[in-house]
Amino acid sequence: MGCILDGCPAGLPITAEEIQIDLDRRRPGQNRLTTPRKEADAVEILSGVFEGRTLGTPIALLVRNKNADPSAYDALKDLYRPSHADFTWEAKFGLRDHRGGGRSSARETVGRVAAGAIARKLLAVGPGVEIVGWVDAVQEIVAKVDPLAVSRAAVDANDVRCPDAPIAEAMEARIQEVRAERDTLGGTIGAVARGVPAGWGEPVFDRLEADLARAMLSIPAAKGFESGSGFGGTLLRGSEHNDPFALDADGGVVTTTNRSGGVQGGISNGMPITLRVAFKPVATHFQSQETVTTAPRKPTVFQAKGRHDPCVLPRAVPIVEAMMALVLADHWLRQRATSNAVVDAP
Amino acid sequence: MGCILDGCPAGLPITAEEIQIDLDRRRPGQNRLTTPRKEADAVEILSGVFEGRTLGTPIALLVRNKNADPSAYDALKDLYRPSHADFTWEAKFGLRDHRGGGRSSARETVGRVAAGAIARKLLAVGPGVEIVGWVDAVQEIVAKVDPLAVSRAAVDANDVRCPDAPIAEAMEARIQEVRAERDTLGGTIGAVARGVPAGWGEPVFDRLEADLARAMLSIPAAKGFESGSGFGGTLLRGSEHNDPFALDADGGVVTTTNRSGGVQGGISNGMPITLRVAFKPVATHFQSQETVTTAPRKPTVFQAKGRHDPCVLPRAVPIVEAMMALVLADHWLRQRATSNAVVDAP
Amino acid sequence: MGCILDGCPAGLPITAEEIQIDLDRRRPGQNRLTTPRKEADAVEILSGVFEGRTLGTPIALLVRNKNADPSAYDALKDLYRPSHADFTWEAKFGLRDHRGGGRSSARETVGRVAAGAIARKLLAVGPGVEIVGWVDAVQEIVAKVDPLAVSRAAVDANDVRCPDAPIAEAMEARIQEVRAERDTLGGTIGAVARGVPAGWGEPVFDRLEADLARAMLSIPAAKGFESGSGFGGTLLRGSEHNDPFALDADGGVVTTTNRSGGVQGGISNGMPITLRVAFKPVATHFQSQETVTTAPRKPTVFQAKGRHDPCVLPRAVPIVEAMMALVLADHWLRQRATSNAVVDAP
Amino acid sequence: MGCILDGCPAGLPITAEEIQIDLDRRRPGQNRLTTPRKEADAVEILSGVFEGRTLGTPIALLVRNKNADPSAYDALKDLYRPSHADFTWEAKFGLRDHRGGGRSSARETVGRVAAGAIARKLLAVGPGVEIVGWVDAVQEIVAKVDPLAVSRAAVDANDVRCPDAPIAEAMEARIQEVRAERDTLGGTIGAVARGVPAGWGEPVFDRLEADLARAMLSIPAAKGFESGSGFGGTLLRGSEHNDPFALDADGGVVTTTNRSGGVQGGISNGMPITLRVAFKPVATHFQSQETVTTAPRKPTVFQAKGRHDPCVLPRAVPIVEAMMALVLADHWLRQRATSNAVVDAP
């Protein structure tokens, strides 16, 4: 797996070790909730960094697959796994690499997390933005999390990556229970970006929420996206939903509530940017499933084998953070280009 | 208002009248649920169409504002309307056109609907895709709609644009009730595209759902997006959620359920593509609101006046349809470019 | 004709009158060297400017055709004019608007010049860049022009727009002579941008020269591009061609010659950026030409009628300047986004 | 070095060996005219190809540097080599990797040639396009080459890659003479694409010539571009320059001359596409040069050492061919997407 990150300004201090931290949060085998597959996922910086600082040129990152066992996938060659990309891939391309799903495998998110680690560093060093994601719900078990205060330390305090400790326990119990029944489950990830100043985002097609939605729905298994109050906000009236403006101690403009999730008219308003992403239950469960074979096409029954997580949410947290960081870094650079300071003088 | 649509193939028969049909479904003043503002919104084709067919070159469309009254907005010049884009716009650009919200006004969706009408015609004439949108929920009042069968005629049968007649009545009652209380409300739009063949969409960043999510979240007031089972799907187990593959009467591959919403691994699977979009309650209500003035910044109270819809959902239906059509037309053309037929021969 | 200019920062003072100045330099009928067609080419700003300053949103400009006479083109409907786009257009699109060449007409450069006027203003107000173009050669009659000193006033001092007065007279005599023989001619335009600081341009695909070359070759009738020493530089040895570095009075790095044309490794070096563009002779001359009819295809003879310039070079000067301004403004904004100042602090 | 090629259709048969053929034509040390550096430049296909056919997904190619000697560049750390990118790079990015020029090194063209090999295969297998490049001039020594007939075999018949044998001998003598004088030289590359059907290219900004010009000027050391008659065409009158249309034996439309170089109005006309690219003399010669040091800035004298070609033209031939192939393949795919066949039916 690999990726190329283009557009990162020169001079940013970054090391492979910093990138590795995020990769380790994503990799399988990190604790008892994830698949026992052990993949070191060691990142190699191929280009774009010199003596510990970015050069301003494309940064190529490479992660070699160490523990791959293509033969494990031989049984998948001649049928379409339900709710996987086997069929659509073949319909689109006419041929496919059946070994592990190829690029439709969630393993491609390695590159996202690696690039996102650099974007997060850039946002921290530059505008001072901090991003935190967490597991917000497992099925109907929903956490109570304060986006203003939640920290990565609190998120990583348990294997579920849910900072609401009693709820995290309930989530873990549910995951183990479903795993024992050879089934899988889904849920939602929440995330917040604190420190984004007002003014990022474009008014029409590249609205901040639009770009965040695209980024999140590009993650494998994501099926829904909410900004701020999201679907829940549709139950309120305008008089209940609007965020009143007020002045803070320094005379700055703030809102006293944040149902807008930090974005109004597609542009950041200086409040924390909040979002939620829905992940469907993992498609690979261990109960038998009806499907069809590839050629000739006949009904068949599929029985999954091997090593798979019952719930990807804890490992999806760094992916959501990475995609959020990439979108925000991009909008920061765009805003730097065209901010009105350009033409203040005359 | 205007727009330029680039990339439409040459030879498509299209007239201003066809575009006008969709614009008329979006315009205010069309029935008793919408603002009494009367805007003809007559579209003029400036370029790209010759003797009733597209030329293959950019199509410029123009809709002149006839009924604008800039003085109506003078009261808005010196304060920030809560949950509008006044503040973020000023933070971003340093200056703003206060008359009607400028480009942050929902009026910019005129261009989207006009361009979308051409995209819908192209999809109908080319691959044979049909798109239907409807009001799916007003607050907690949720319709029951069959995406396989719903028709535009059924949608347009009532002013709410909800094809579930008894529910439409309840919705209308709710809208009138909230309007009487000088308040506003939100809800969700559902939409389906039927006839999309398997194979549209790209595997990673330009997944079909990602591009649809971006398109929908670029609509003013949209705060959420669901593909297929969406957030509701997170409550199911994998064994309940997966869509089994089967063969239809012609030996084609179909799924017996459609929780995937017609997209698997970011690529269409030939089943109807379904989505839902959450719209927050209209920000302009007629109760007093706390806010701040622009310069000098002081707390103040804002009281909206003028002509505004209590609920934009019925008028948002053609906007959602238009954005869906634009995304699908783009992916159709992309798939035409790179489909595997290119290199079948050798 | 019209255009949309996106990405211009907010706050730039700009008026229709300023844009009109450049349009008037491009329009036909301005003097005795150009076609007697009188086209007012009055520009209308449709959006993006409010109270004399840009809003940061797309700027739509419209120029209505006043003096068009579509019937004049009826004779062109059934044949392909040699070295025009009639045939290629029909091959590409399957149908074409034969009235005046449609979008393949040089008339589309109205939009370029209008947008370029805004870009030039931005470059003047922001980084302080000044762009001057001139007619450098008519056939083999070549001017001697100092790119460090040439001014627009000197260029506009004669109808040919060549600042080398004696050569300008010879050029004008040649143009009148060729016109009398019912023929046409071509030549080259030179241009310089002064005040571009070191550091604009990207190292690989978006090299400054690459983007300038693309911009220039996108102008109708352009067939060649040179940066700095260009083709002439291929006759020199490395020891003759290299530009030695030296220090100026302020300790700044300069080159003592400028064969690089202000660009090294695709990035500006702070010296004036110089280029030349070759324009083929005007395709519409008044001698008879062999060609074929459209349907059925048969050999025929074409005899042009109407109003056409024998030499477009004087009117092409503002087009070259406009394209140069648009490319440089784009690279200025890009460099603002990613300049190393971003991450200097830590 | 590496590259990622995105957008290649699935199913194209391609092997590392085929890519290697073009890389071997570019690599140094291949004969007595090039630097004695020996670099194997063995290409590794990291992704996008499965069982010898493209998958439709991005193709990552990697060439490991085997013979690099960074210490050889230590002397370059503290000064700016004249007419290299050292200064502009530092001005842009604030820091630079001085070892071998980094990404501003002509070594980055490895990636272009590798990707171009795939594009050439695609064009050969799909539309049947053949591309041949050659050394057209070394200084004032100009070859006579027939673009209709020239073959790669004739080009590769001598070390200079000039298919005009007597001229090739003169070129080689000149190169050896200049090398003996510790100097360098430049010249031009010519190239032709045969088999491009009419209709590729876009009417305005993405004209075929514009995209080709951008591609060519993005090659290190390129300073000029001509399409068809180019600068020479400016010496002719319209009546001499225009290409008459005629019918071929099959009733197809052809031109009896090809001063347009296969492109009219930015769109291919079915005739061979011809171009020429000017390359400045190699910047690294072995005579002493005046320049300045980096910090503190003081005048100094630079004396190059090491292994460098006196003339890069023979090795630049595959680079020009590669860039031409990449541009044409892109336009082929674009034309497939929007060709008028889409909407023929109704």
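The chains carry the letters A, B, C and D, assigned in the order they are written, with residues numbered from 1 in each.
By our rule, contacts are C-beta pairs under 8 Å (C-beta built on N, C-alpha and C of every residue); 3 or more make two chains touch, one makes a residue touch a chain.
Please read all numbers here as calculations on a predicted model, not as lab measurements.
Participant: By the contact definition above, name the pair with the higher C-beta contact count: B-D or B-C.
Facilitator: More C-beta contacts join the chains of B-D.
Participant: Take the average of all CA coordinates in chain B, do the same for chain C, and state the distance between these two points in whole angstrom.
Facilitator: 40
Participant: Can you check how far apart chain A and chain B are, centre to centre, with Cα atoms defining each centre and the answer in Å?
Facilitator: 26
Participant: State, to the nearest whole Å, the distance from the C-alpha centre of chain B to the C-alpha centre of chain D.
Facilitator: From the centre of chain B to the centre of chain D is 46 Å.
Participant: Going through chain D residue by residue, note those that touch at least 2 other chains and give them in order.
Facilitator: Correct list: 10-11, 56-57, 92-95, 103, 203, 339-340, 344.
Participant: In graph terms, nodes being chains and edges touches, is this line, ring, star, complete or other?
Facilitator: Here the contact pattern is complete, since every chain touches every other one.
Participant: Across the complex, what residues on chain C touch chain A?
Facilitator: Contact set of chain C toward chain A: 7-13, 54, 56-57, 122, 125-126, 203, 333-334, 336-340, 342-346.
Participant: Using the touch definition up top, name the residues of chain A that touch chain B in the complex.
Facilitator: 80, 82-85, 87-89, 91-95, 103-104, 108, 137, 139-140, 178, 183-188, 197-201, 203-207, 209-218, 220, 222-231, 233-247, 251, 253, 255-256, 259-261, 263-270, 278-285, 287, 289-292, 297-299, 335, 339-340, 344
Participant: Which of the residues in chain A come into contact with chain D in the complex?
Facilitator: Contacts found on chain A: 2, 4, 10-11, 46-47, 50, 53, 55-58, 60, 62, 92-97, 102-103.
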